[in-house]
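Next come two complexes, and both contain chain A; in the first it sits with chain B, in the second with chain C.
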Partner chain A sequence: MTLKTFGFDQFGFLLFSLQWTILLTLIALIGGGLLGFAVALARTAQLKPVRIAAATYIQVIQGIPVLMILFLSYYGLSLAGFELPPLFAAGASMTIYASGYLAEIWRGCIQAVPKQQWEASESLAMTRLQQYRYVVLPQAIRISLPPTVGFAVQVVKNTSITSIIGFVELARAGQLINNATFQPFRVFLAVAALYFVVCYPLSQLSRLLERRLHAGSSR
Partner chain B sequence: MPEVVVENVHKSFGALEVLKGVSLSVGRGEVFALIGRSGSGKSTLLRCMNGLEKINSGRIEIAGHALGGDAKALRKLRTDVGIVFQSYNLFPHLTVGENIMLAPRIVKDVAKTKAREVAREVLQLVGLSEKFDSYPDQLSGGQQQRVAIARSLAMRPKVMLFDEVTSALDPELTEEVLMVMEQLARDGMTMILVTHEMGFARRVATQTIFMHKGKIWEEGPSAALFADPQTPELRQFVKSDVK
Partner chain C sequence: MSYTFQFGVLAQYQDQILSGIWLTIKISVLSIILGCAAGIVLSSVRSIWGGAVRFLVDAYVEIIRNTPFLVQLFIVYFGLPGLGLRVGADTAALIGMTINLAAYSTEIIRAGIEAVHKSQIEAGEALGFTRFQIYRHVIIVPAIAKVYPALCSQFVLMMLASSICSAISTQELAASAAFIESQTYRSFEIYIAVTLIYLALALALRAALALIGMWLFGRRVARRAMTALPEVQA
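Showing the complex of A and B:
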């Protein structure tokens, strides 16, 4: 057996796998965003049972490790007879994970819009839907940008957990290369650097958005 | 027929009864001032009149609508009843013009050009024509409050409610808002205002109601009421003249 060293080819493989990390992040944010938005609305609904159901969902998702969601969707579903490709299980579990957190972040943003905005729009004879659409959500979305982008950083890093079910994203690619080269320090330094290259600009963007939000106060 | 009828209204927050059987009747074009100490129930009474607070018992009829129907009936009522709040509550993400045009456009389906026309007209009424494209946070408190009045007027209400609308303003800005309200009163708007501005109540309100402990303690034509209070509570209140 010949040991390879960590060279251009291997780095190329890392870059290639980074695409899967990014794809998985996008799936989680879009899927989790849609689901999380629905849950956030349910969390602020007028009907108490709806609010409780949404709160329970959030508590459950936040109360169990992403790893368990991942195992449940990968092994659980295959036991039930569904043979799922790792991308599907990975995408589904990251979506569920992201939805639980985004729902809670956005609930906070919706509730951060002052009560008086509800009263004023209600007094102008708007329906609840119109209040959301024209008055509350535009303000809530503005408030939500910094924490949402901040959370995206967490998602990028947490996609590494899907390596456990054999999904070859960046972290898994690092493990594979390390198995062939036995140069863990170099390999994982490169992997870490790639994560950083993706996450750092996002963190900065989040901070920038936050500063602009405070500078522009209400608008 | 009176424009506003309140009959034996009771309202509690939990165990605390804030309105203990209040009745009043406001004719078209009349201006009623509600005065009294904090906690006397005057703001709550006003908020009950457009359904922001639900009453426990009694009857309220305003601008030809009875309170207590379903959500749709309540919205119908609110298209005819404007309210202005102490904290202005303009929509911060919209310009002044958009703030005013929004409800007519989406609630009353007014065409955009028509809504714009109405917005310009009501802005002129409150003396802020040049602020059409400004954002609320670019305006002073007094200007914001005048925009809030204009926003309500754009719905063409039959009754206007004012909830301590000058309490957050310093005296100079208070004056410009009161002038707008006085103009409205002269133009024949039916108005009910909760206020701490005794001078304004005396001068502009046709009728003043002094509330105390959740009841109407004393009421009458403003001039007479202020000149010759009958109850020791009102005498005390007028003397201290909270502001």
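Showing the complex of A and C:
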């Protein structure tokens, strides 16, 4: 038996697995975005019980480890009788995780829109839906871009946790190659470098957006 | 669905759960102390010396913040022995958490330092403060007070992320859960119970940090620390 070394083929496998990391990130951002948006609206709703329910949801998601969300989705889905591949549990848990954080980020953005904007649009006899659609959300979305892109970096990194339930994304691919080559330092540095290549541009983009947003203000 | 929940089995494994909780608390508290101290030192030398030191500190911060904690743990636990440094799972967890938290603390405290107004420093000079006194009373302490809520959020996130250390066989709370699961196959009950324990730990840590904040910086800062949710660092 010949021992493989970390070479071109192995790096190719890492690149291939990076696709799954990116796919999982997109699932989390789209699914978590939709759910998080609903929670953010509930968090800023006029009815107090709705606000409290949304706040509790956010507090709980932000108060438990992503790993526990993952295990609960993984075992919860199989308990409910679904024999699904790990991608479903991974996607579901990443969606729930992202929704808790995006909801809180976007709540902040919605509340950052000055109160006068609400009052002015109300005095124009706009309905609540019209207020959101034409006045509040266009402004809130602009404010939300930098922190949302920043959070995308966290999502990319946290998809690595799904390797623990056996979903073969980048981190898991690194482990598999390490098991075959026994060159952990080299393999995991390559894995880290690939994550960096994805995350660093996003971090910089978030910073750029942040600077552009504050370009008009005094600082 | 005809599944009956049996939380009763958990009682037999009380010892495993308690020892897991204890190790989670231990590595979290130690890494918070070490990581925060490193963050204060690194953000200070970065702003004082500038030049190559600033470049190196910034590079460290960016590298850590743009790679997953799990991969950092793998490098420490599986990679370092290849370089002749063999570390146990607990030590590797502590090293990984400290390295990770140091980078985030540096970034957060840097923002606090940069928010200190020049006029404040000039006022300190006008009062005849020495450079060290200015650094201590005008720059670093107000800077930390300003970013204390963000720091607290990061500490809580680190405590929660310590669960990932179970992947390198550190026997903390998540690993206890996995062990009990392998013995009883009562996976859902165990993970619900352990999730609730983590939630309680997060609330307790937040309350403890708020008390420390009250003692260090007064009531106003502490109240912000209690309610602040994790800020996403761009």
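Please note the rule applied: the second predicted complex is superposed on the first by the 213 of 219 C-alpha atoms of A that agree within 3 Å, B and C clash if a C-alpha of one lies under 4 Å from a C-alpha of the other, contacts with A are read in each partner's own complex, and residues count from 1 in each chain.
As a working rule, a contact is a pair of C-beta atoms (placed from the backbone, for glycine too) under 8 Å apart; a residue touches a chain by one contact, two chains touch by 3 or more.
What you see is a predicted model, and the numbers here were worked out from it, not measured in a lab.
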item: Partner chain in contact with A:Pro147 - chain B first, chain C second, else both or neither; value: second
item: Touched partner set for A:Gln46, first chain B, second chain C, both or neither; value: neither
item: First (chain B), second (chain C), both or neither touched by A:Pro138; value: first
item: Partner chain(s) touched by A:Gln130 [first = chain B, second = chain C, both, neither]; value: first
item: Dominant toucher of chain A (residue count), chain B or chain C; value: C
item: Chain B versus chain C as contact partner of A:Gln116, first or second or both or neither; value: first
item: Contact residues of chain A, present in both the chain B and the chain C interface; value: none
item: Complex contacts: residues of chain C adjacent to chain A; value: 1, 3, 62-63, 65-72, 74-75, 78-83, 156, 160-164, 166-167, 174, 177, 187-188, 191-192, 194-195, 198-199, 202-203, 229-230, 232-234
item: Parts of chain A lying in touch with chain C, wherever the complex brings them together; value: 58-60, 62-68, 71-72, 75-76, 79-81, 101, 104-105, 146-147, 149-151, 153-154, 157-158, 160-161, 163-164, 171, 174-175, 178, 183-185, 188-189, 191-192, 195-196, 199-200, 203, 206-207, 210
item: Complex contacts: residues of chain A adjacent to chain B; value: 114, 116-117, 119-127, 130, 134-135, 138-139, 142, 217-219
item: Touching residues (chain side chain B, partner chain A) in the complex; value: 50, 52, 71, 75-76, 78-79, 82-83, 85, 87, 89-93, 102-103, 106-107, 135-137, 151-152, 155
